[in-house]
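Order as written gives the chain letters A, B, C, D, E and F; numbering starts at 1 within each chain.
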Amino acid sequence: MTAKPLVPLVEYDAAPPAVRDVYDDIMRTRGTDWINNFWKVLAHDPALLKRTWEDIKAVMAPGALDPLVKEMIYVAVSATNGCEYCTYSHTASARAKGMTDAQLMELMAVVGMANETNRLANGLRPPVDQQFEPR
Amino acid sequence: MTAKPLVPLVEYDAAPPAVRDVYDDIMRTRGTDWINNFWKVLAHDPALLKRTWEDIKAVMAPGALDPLVKEMIYVAVSATNGCEYCTYSHTASARAKGMTDAQLMELMAVVGMANETNRLANGLRPPVDQQFEPR
Amino acid sequence: MTAKPLVPLVEYDAAPPAVRDVYDDIMRTRGTDWINNFWKVLAHDPALLKRTWEDIKAVMAPGALDPLVKEMIYVAVSATNGCEYCTYSHTASARAKGMTDAQLMELMAVVGMANETNRLANGLRPPVDQQFEPR
Amino acid sequence: MTAKPLVPLVEYDAAPPAVRDVYDDIMRTRGTDWINNFWKVLAHDPALLKRTWEDIKAVMAPGALDPLVKEMIYVAVSATNGCEYCTYSHTASARAKGMTDAQLMELMAVVGMANETNRLANGLRPPVDQQFEPR
Amino acid sequence: MTAKPLVPLVEYDAAPPAVRDVYDDIMRTRGTDWINNFWKVLAHDPALLKRTWEDIKAVMAPGALDPLVKEMIYVAVSATNGCEYCTYSHTASARAKGMTDAQLMELMAVVGMANETNRLANGLRPPVDQQFEPR
Amino acid sequence: MTAKPLVPLVEYDAAPPAVRDVYDDIMRTRGTDWINNFWKVLAHDPALLKRTWEDIKAVMAPGALDPLVKEMIYVAVSATNGCEYCTYSHTASARAKGMTDAQLMELMAVVGMANETNRLANGLRPPVDQQFEPR
């Protein structure tokens, strides 16, 4: 089976300055010395690369929610959508932020239940209870 | 537009004993005096009602993850799947467990980003980096 | 909330001959005297209307699978995708072909389980067992 | 491309008693002498393993619907969600229960049509016909 | 059925300066004198509002693709995901940019076909042909 | 990982006349001398093969929309659904019709944004604005 990306990977050494600037910021922010393949495909469009990275950096920073909680939410969405790359990359990120095996399994249990009851509700269509209406 | 469920709601007073037992356990566990419509449609199949409630009770109980975190993961999946009923009911549950408006907005920001990058990865197909492989 | 379709409904009396021919065939095939709204929006593109109807007629006809089984599969997919219109229309069709409440509930139980385990597999990524490989 | 699961497979010989009990019940119920990888990843959380297996056993047992029909509904959902593991495993199960090639192809034809018309309805938004409203 | 948003709409007159700045830029960019509800819910998180608007403004601007083509792609994704709000809003935007009824119907025909064949491929799993591999 | 299709590929030399006729029409229409694997799995059901090919041929032909635009819409849906085969095959088709790398990247940017805002709308549920209602 092919594992070729739809556009070639843009490696650091061959990258134009606008891409290198983003790559440098990614490594600095994460304290790593390598760039993962997701960014190397986005780099074909430097504006898309820069925008996506800056959005991710802002959204995943500490805020009202804990960064580990955010990574687990990312994993929950990626498993729901069936995105292989994102499942591997964000599970790795969550583990790097301290997620234990027990937490991963419990996360998956919630994701499974939610996907199950979402379809029971979609298929049987109970009306939204008045008590659930927002203020 | 119709808001009728696909099967009639099974109200407490008309419910057979096996259903009442589950309804009673739901109210006792939650400390409430009413049953939401989701359970009233499942009640057409008392075995399905009982199984689903016991699974939810076990999965959503405190464990390796905080109950509020679990509710927010439930909301993340429900928004991703577009389940209207589940979005209203689990957002209400998360709020009852203390979720603030700032946390809801941040949760949605993560859900939005994850759905965006899931498709960038699905459309451009970067190979999974060796560094992300599980131990 | 709006319930307006994105294009106006093409009613029989205002329909061009190519549309009427399809409407007539739908009513004749189904033994009914009315046309449901799905066809009335497709009718804005008579070629799309005709092609979709002829495909449905061929696919849903008795064959290697029983027509009621086919309707239940249609409901399963519609609940999984969260399509409100299709859930109501195909559940009604399945009931017209004899689906009981017990069968509907059991169908939903399978749909729920499948959606749950699909995500457990997507999130934990077990390799496909050699024993499951097709001949 | 990686095929490594996100958690290591729990093999029978290394499994704790609570896991072995479930593995034994799976093999006894199915009349087989091996455990497929799906259960081996769930086994990292023995409670999740047990709950999921008991739900599957109850839901897929003969009832108002034929077991083969249930397997085909499982395949329909798995193909709709794009779950590779589940598509292989449940197609294999359906074949073991007697599904012919002609039935598989017809099943796929229905799944394809449903996915097509679900989006025609979602994109054009015809109102639900009064005739489709449940009793 | 409820149509209440999960957070109250932030109206212009009650909006803080950071929100008004974005609202002003939306109206100026679009040449309109009103703000649609999507932005009024995002406004609960002014940073999310600003980031999302600036991304949309950049992504939907004329570039390698025509703005009308971009709107139609937006509609295609929204119909595939079953997002009611987005289907109405982006179909309206596409019409404002000149989309005809014939183009809308043809767009839907492509969306329907793609959703159908996506599942035929997911369910039958043909290997990717060597000829389709990117350079 | 397995790459075996769920049914064996039907090669030209082993195909019955009804399948060869479709294969011939595919090659004639496309000006190629080979058949891609998608059709070789559908060929197990000659009626499904013929119907799907004739639908595709009609839908993807020049009409109110440009054929390249149609291919890009196909890619947008396939990336949204996470269909690997369709992403590779329709990206290749779009390139054969002239899609540049810049157009592919811009297409992906729109697909990503749409998937993001679809979920922001699904999670926060703003009511559809009256101004977006169709005529």
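We take it that a residue touches a chain if its C-beta (ideal position, glycine included) is under 8 Å from a C-beta of that chain, and two chains touch if they have at least 3 such contacts.
Quick caveat: nothing in here was measured; it's all calculated off a predicted structure.
Novice: Between chain A and chain E, which partner chains are common?
Specialist: B, C, D, F
Novice: Strictly by the touch rule at the top, which chains does chain A share as contacts with chain F?
Specialist: Joint contacts, listed by label: B, C, D, E.
Novice: So which has more C-beta pairs touching, B-F or C-F?
Specialist: B-F
Novice: Which chain's centre, taken as the mean of its Cα atoms, is farthest from the centre of chain F?
Specialist: The chain farthest from chain F, judged by C-alpha centres, is B.
Novice: Look at both sides of the chain C and chain D contact and report whether the same residue positions are involved, with over half shared, or different ones.
Specialist: The interface is built from the same residue numbers on each side, given that over half of them are used by both copies.
Novice: Centroid of chain B to centroid of chain C, CA atoms only: how many Å?
Specialist: Here chain B and chain C have centroids separated by 26 Å.
Novice: Whole-Å distance, chain A centre to chain B centre, using C-alpha means?
Specialist: Centres of chain A and chain B (C-alpha means) sit 21 Å apart.
Novice: When the C-alpha atoms of chain A and chain C are each averaged to a single point, how far apart are the two points in Å?
Specialist: 33
Novice: Considering chain F alone, which of its residues make contact with at least two other chains?
Specialist: Touching at least two other chains: 1-7, 52, 55, 78, 80-84, 87-88, 91, 102, 105-109, 111-113, 115-120, 122-125, 127-128, 133-134.
Novice: Hey, how would you classify the chain contact layout here, line, ring, star, complete or other?
Specialist: Topology of touching chains reads as complete, every chain touching all others.
Novice: Where on chain E does chain B make contact in their complex?
Specialist: That would be residues 1-2, 6-7, 44-45, 48, 52, 81-83 of chain E.
Novice: Can you list the residues on chain E that touch chain C in the complex?
Specialist: 1, 3, 82, 87-88, 91, 101-102, 104-106, 108-109, 112
Novice: Going by the contact rule at the top, pick out the chain D residues touching chain C in the complex.
Specialist: Residue list for chain D touching chain C: 3-7, 9, 34, 36-38, 40-42, 52, 55-56, 59-60, 63-65, 69-70, 72-74, 76-78, 80-81, 83-86, 88-92, 100, 102-103, 105-107, 109-111, 113-129, 131-134.
Novice: Which chain A residues qualify as touching chain C in the complex?
Specialist: Against chain C, the touching part of chain A is residues 75, 78-80, 82, 84, 87-88, 107-108, 111-113, 115-120, 122-125.
Novice: In the complex formed with chain B, which residues of chain D make contact?
Specialist: Within the complex, chain D contacts chain B at residues 1-2, 4-8, 47, 51, 55, 58, 127-128, 130, 132-135.
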